[in-house]
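To start, the structure under review is shown below, and the notes come after it.
Naming follows writing order (A, B, C and D), and every chain is counted from residue 1.
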Amino acid sequence: MQRIGVFVCHCGSNIAATVDVKKVVEMVQMEPGVVHAEDYQYMCSEAGQAKIAAAIHEKNLTGIVVCSCSPRMHENTFRTAAQRAGLNPYMVEIANIREHCSWIHKDMEEATKKAVILARAAIAKVNLNTPLQPGESRVTKRALVIGGGIAGIQTALDIADAGYEVDIVEKTPSIGGRMSQLDKTFPTLDCSACILTPKMVEAAAHEKIKIYTYSEVEKVSGFVGDFTVDIRKKARSVDANKCTGCGVCQEKCPSKKAPSEFNRGLNTRSAIYTPFAQAIPNVPVIDRDACLKFKTGKCGVCEKVCQAGAIDYTQQDEIVTEKYGAIVVATGFDTIKLDNYDEYAYNQSKDVITSLELERIMNAAGPTKGHLERLSDGKHPHEMVFIQCVGSRCSDNRGKSYCSKICCMYTAKHAMLIRDKYPDVNVTVFYIDVRTPGKNFDEFYRRAVEEYGVNYIKGQVGKVILKPNGKLLVQGSDLLDNKQILKEADMVVLATAIEPEPSVRQIATMLTASIDTNNFLTEAHPKLRPVESPTAGVFLSGVCQGPKDIPETVAQAGAAAVKAIGLLAKDKLMTNPCTAKADELMCNGCSTCANVCPYGAISYEEKEVNDHGIRETRRIAVVNNALCQGCGACTVACPSGSMDLQGFSNRQIIAEVDAICR
Amino acid sequence: MKYSYYPGCTLRTKAKDLDAYARASAKALGFELEEIENWQCCGGVYPLGTDEIATKLSSVRALNEAKEKGQDLVTLCSACHHVIKRVNNDMKNNEDIRTRANNYMQLEQPYAGETNVLHFLEVLRDKVGFDQLKEKVVNPLTGKKIGAYYGCLLLRPGKVLGFDNPENPTIIEDFIRAIGATPVVYPYRNECCGGYISLKEKEMAKNMCDKIKDSAAGFGAEMLITACPLCMYNLNKSSETELPVYYFTELLAEALGVKEDAE
Amino acid sequence: MSLNNEEFRPKIVAFCCNWCSYAGADLAGSSRLAYPADVKIIRVPCSCRVNPMFILRAFEKGADGVILCGCHPGDCHYSTGNYYARRRMTLLFSMLDYIGVENGRTRVEWVSAAEGVKFSQTMNEFVEKIHSLGKNVRLGDLRCRN
Amino acid sequence: MSSAKNQAEKIKEISGVNPLKCMKCGKCSASCPAFNEMDIKPHQFVSYVQNGDIEALANSKSLWKCLSCFACVERCPRDVQPGKLIDAARQLVVRQKGQTGLAPEEIPELLDPELPQQLLVSAFRRYRR
């Protein structure tokens, strides 16, 4: 029989305001095995933990139940406290009477009743707990960063600087990401390329960093400390070792009609191309869908003009398999498609553009060489209208429910830059709210209004109307004046919502990392573990976790790096002891369990067993504790009931069921 | 192919053309519109109130009759289409309305939105196919610049009607191309003409119609086509801008060479 | 029919996987999204840990409804666990139906760690459904009844 | 006549609209083709209902100017659908007060030979009990 101590936490008033903790203490004392019960204001505090330790010593406790917040919050705290007092940490169970009880119920009697039942279930379970010993697993001292934008680059640099090897996998031909497409950055108006390219160069030159561009993660297996990853290096059709980056092939390529991804399709590029002048590596790729050689067999101009002989039409995709201890996801974002917002005439007029397209137009290397002009007729605009929250803050399934966070600031930036460079251009911004939390952000926005004379109108736009003369008519609300405005414009810029880069879904599936309804990766805890995925060994960097601007992205990239370094610095990891285990006497070696195991953790051995005095050799399932992750699929599949999961055994769960239904 | 057909009150009186041209064209295209028996007026306005049942029953009757025949229900008038499609949606998705309507109806089998409601244009697009239609055209209206006037009832709310992209529709433009003419896209083609208020608010209706016609004419349209008798009336009556308005079925019949059959 | 006039308070067991649904329930809690106290949650590592026996046991011991929550298909922490759970439960539920435990008393729902609202809504709906079905007597052990 | 609060509840019930979902972006008023004819603007309907100021709504010209064109319903980013609120307010007035936007004696002089039936039918549906 166990000797169980029950500790009921008030959590200040979080629990005690709705659950009568004294009553819980009184009720659980009648439960089998319980020899001690007490309540305290904050069980997780130093003093609370001391109470647990004292009771363990004084009452010779063999098991502990803490009625408190979610085990996801403090299970580890209490297990460690028990261990310090000499108890096996796996003899501790938590009854979640906060998240699952006091916070969702109002009626005290009802909540107290439920808290008692939850405590009983935990007590029933502890009665069947057995001490468990975690095993050890090794750590591969190398990290993988998926995505080569500013988030990925920064994470990689920080990990590499700490002395660990890092590989970056980037799916486009160059690292640099969205930031390389930006012209200027807020709130200091630095040139984006000027601050980004040094980092790109540093990453490329770093001896600890290996960059796989034009490559994608294909398969992930393993677990924290020991991931095995297949990387597909897509065929570049150019030998990177021979290419000198002279650029002649791109100049001479006769097929120049492919839309330029880097310029958001506003102009075209050659079939053999580097996305932009500062690309790293400075090795072009052949876009086989656009290349005449691949399409018709005739051409071969690039091969002829390449002095270095680097063109290789026969190149094939290559799969590289690498081992990693930690994986950082930094897959970034894209702007949403605007097909659901045709009232803004994006698909109907070339002069209605997204903000990211405006970045390219404003950029000296962009499709208009940095001149602000209408894409329809090349004319210089005199009236520009910006529309905020296009596709953000929508709960009607057309757009995104969240605020994209960066739009208010970049619109202020655009407005300011335009007014600065072209004082003849009037700029009007239709906004719902101007959101500028951030250092020097509101001051920046106010400068746009006060110093640059940008006209901010509170109200959303209903429709953008094309006029026969080529101008645009913006029909919007002025809520402060209670008017409907018709504003003639030459160009309209849409602050388009951002969404996680769509490929993140597959990556999350491969990593078994959770993802929310908007395809943002979920953090292990929204406040306290914001850069970790709930999946151990997977870390989050940048917009893949939620909308953020460059400074925040860089900060989070550093944080993710520190977490990865913290993992890589360890030589061994403690493994979860809640693994599956076969009862030798019941196992008949049928192989059903091995078939459902996603980790290949189960093998079979010919083993001599002593079945009630009969000694014989039988084929028996053996679980590799280093590989088993403790999902329990095998326990249910097992036809003889031999396979069980330690820490979540059949008897334990049934005991909980019984306690709840009593 | 046979479809159940719901003409509606106006097509029996002031908009006989819309109906006659449609039937003649259907015949030429190889499908038949079988008028449902004893149809009743749809009411002209979809009752938005969640507590209105009686005003939805005439639509349910028509829908149920098509169901019993195992046919899709085809409509022509925009208002009828709007009302019947939305009532059908209620019957399919709103348990409360479904139960109450069925309690009134006392049908052998309760009606639960089984009938597929199609606008005549949808039949052309999804059943006949505009490519097929193009092949059947004998008098292509080559050179004619035509503006499509959609109005509001066919398109909105987009989620329920599922007719076309409510902010940038293409179905009538595709139709115009199929009969050999040139579509003129103009931004007011899905803006309301003010038909419902044209009885009393003459000035307001005039402003709205002028906007639509001026915009279409500005982009080079020589005529407008519509599927809605109310829009037709209002655009002609309320605006002084010279721009003829036709029913799309008239041009269809002309292109198919069956216009005389209808008259 | 029971003769006592006390309000029917169903016993409902909710199995939640540790990675998605249990976290979703935590989020419902920290967001203060109420659902009836009749629901009691048992934490399991994965929905595939839930043996059909546990569900039968619950009904045998007087549960009025059992709900199993796991990660969305494709998002399982263990890659494939929720697919096993889905198949197993489909079989079990059809069998339960056969022996007279109505389909509505059991349910499988995918709730992610970010879906506190969905968790709460699901539980509210489920409790309402159990209320409409009334007390479950079918699998209760008659010998245990006074 | 019941209290303003009850009437506000009634409007919410008839329309099925939850005014609390409104984020006051003004896209409805920006879309409304009848905006200039209205005294209470589409985006204001939400706050009038929320504040229970039903008397003002009932006397508003806007009830009879709304075209039921569903532009606001289509474009509302929060699925509030102000057009439904306006319609429900009109229903409330038509049902409870017997007030109408159209008197039978007005009709003969409004008629003309081309007037389609549906215009009369719909006018009666919209404006009368």
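The criterion applied here is as follows: contacts are C-beta pairs under 8 Å (C-beta built on N, C-alpha and C of every residue); 3 or more make two chains touch, one makes a residue touch a chain.
What you are looking at is a predicted structure, and each value in this text was computed from that prediction instead of being measured.
Ranking all chains by how far their C-alpha centres lie from the centre of chain C, first place goes to B. The chain pair with more C-beta contacts between its two chains, of B-D and A-B, is B-D. A straight line joining the Cα centres of chain A and chain B is 48 Å long. Taking each chain's centre as the average of its CA atoms, chain C and chain D sit 45 Å apart. Chain B and chain D, compared by their mean Cα positions, are separated by 25 Å.
Of all residues in chain C, none touches two or more other chains. Residues of chain D found to touch two or more other chains are 71.
For chain A, residues touching at least two other chains, in rising order: 343, 463.
The complete set of chain-chain contacts reads A-B, A-C, A-D, B-D.
The part of chain C that touches chain A in the complex is made up of residues 11, 13, 18-20, 22-23, 25-26, 28-30, 32-35, 37, 40-46, 48-54, 57-58, 61-63, 71, 74-81, 84, 88, 112-115, 120. By the touch criterion stated above, chain A contacts chain C in their complex at residues 70-73, 96, 98-101, 103-107, 110-111, 113-114, 117-118, 121, 508-509, 512, 514-517, 522, 534-535, 578, 596, 598, 629-633, 635-637, 645, 648, 650, 653-654, 656-658, 660-662.
The part of chain A that touches chain B in the complex is made up of residues 339, 341-343, 345, 347-348, 463, 465-468.
Within the complex, the chain D residues that touch chain A are 21, 23-32, 35-36, 41, 43-44, 71, 75-79. Interface residues of chain B, counted against chain A in their complex, comprise 165, 167-168, 185-188, 215, 218-220.
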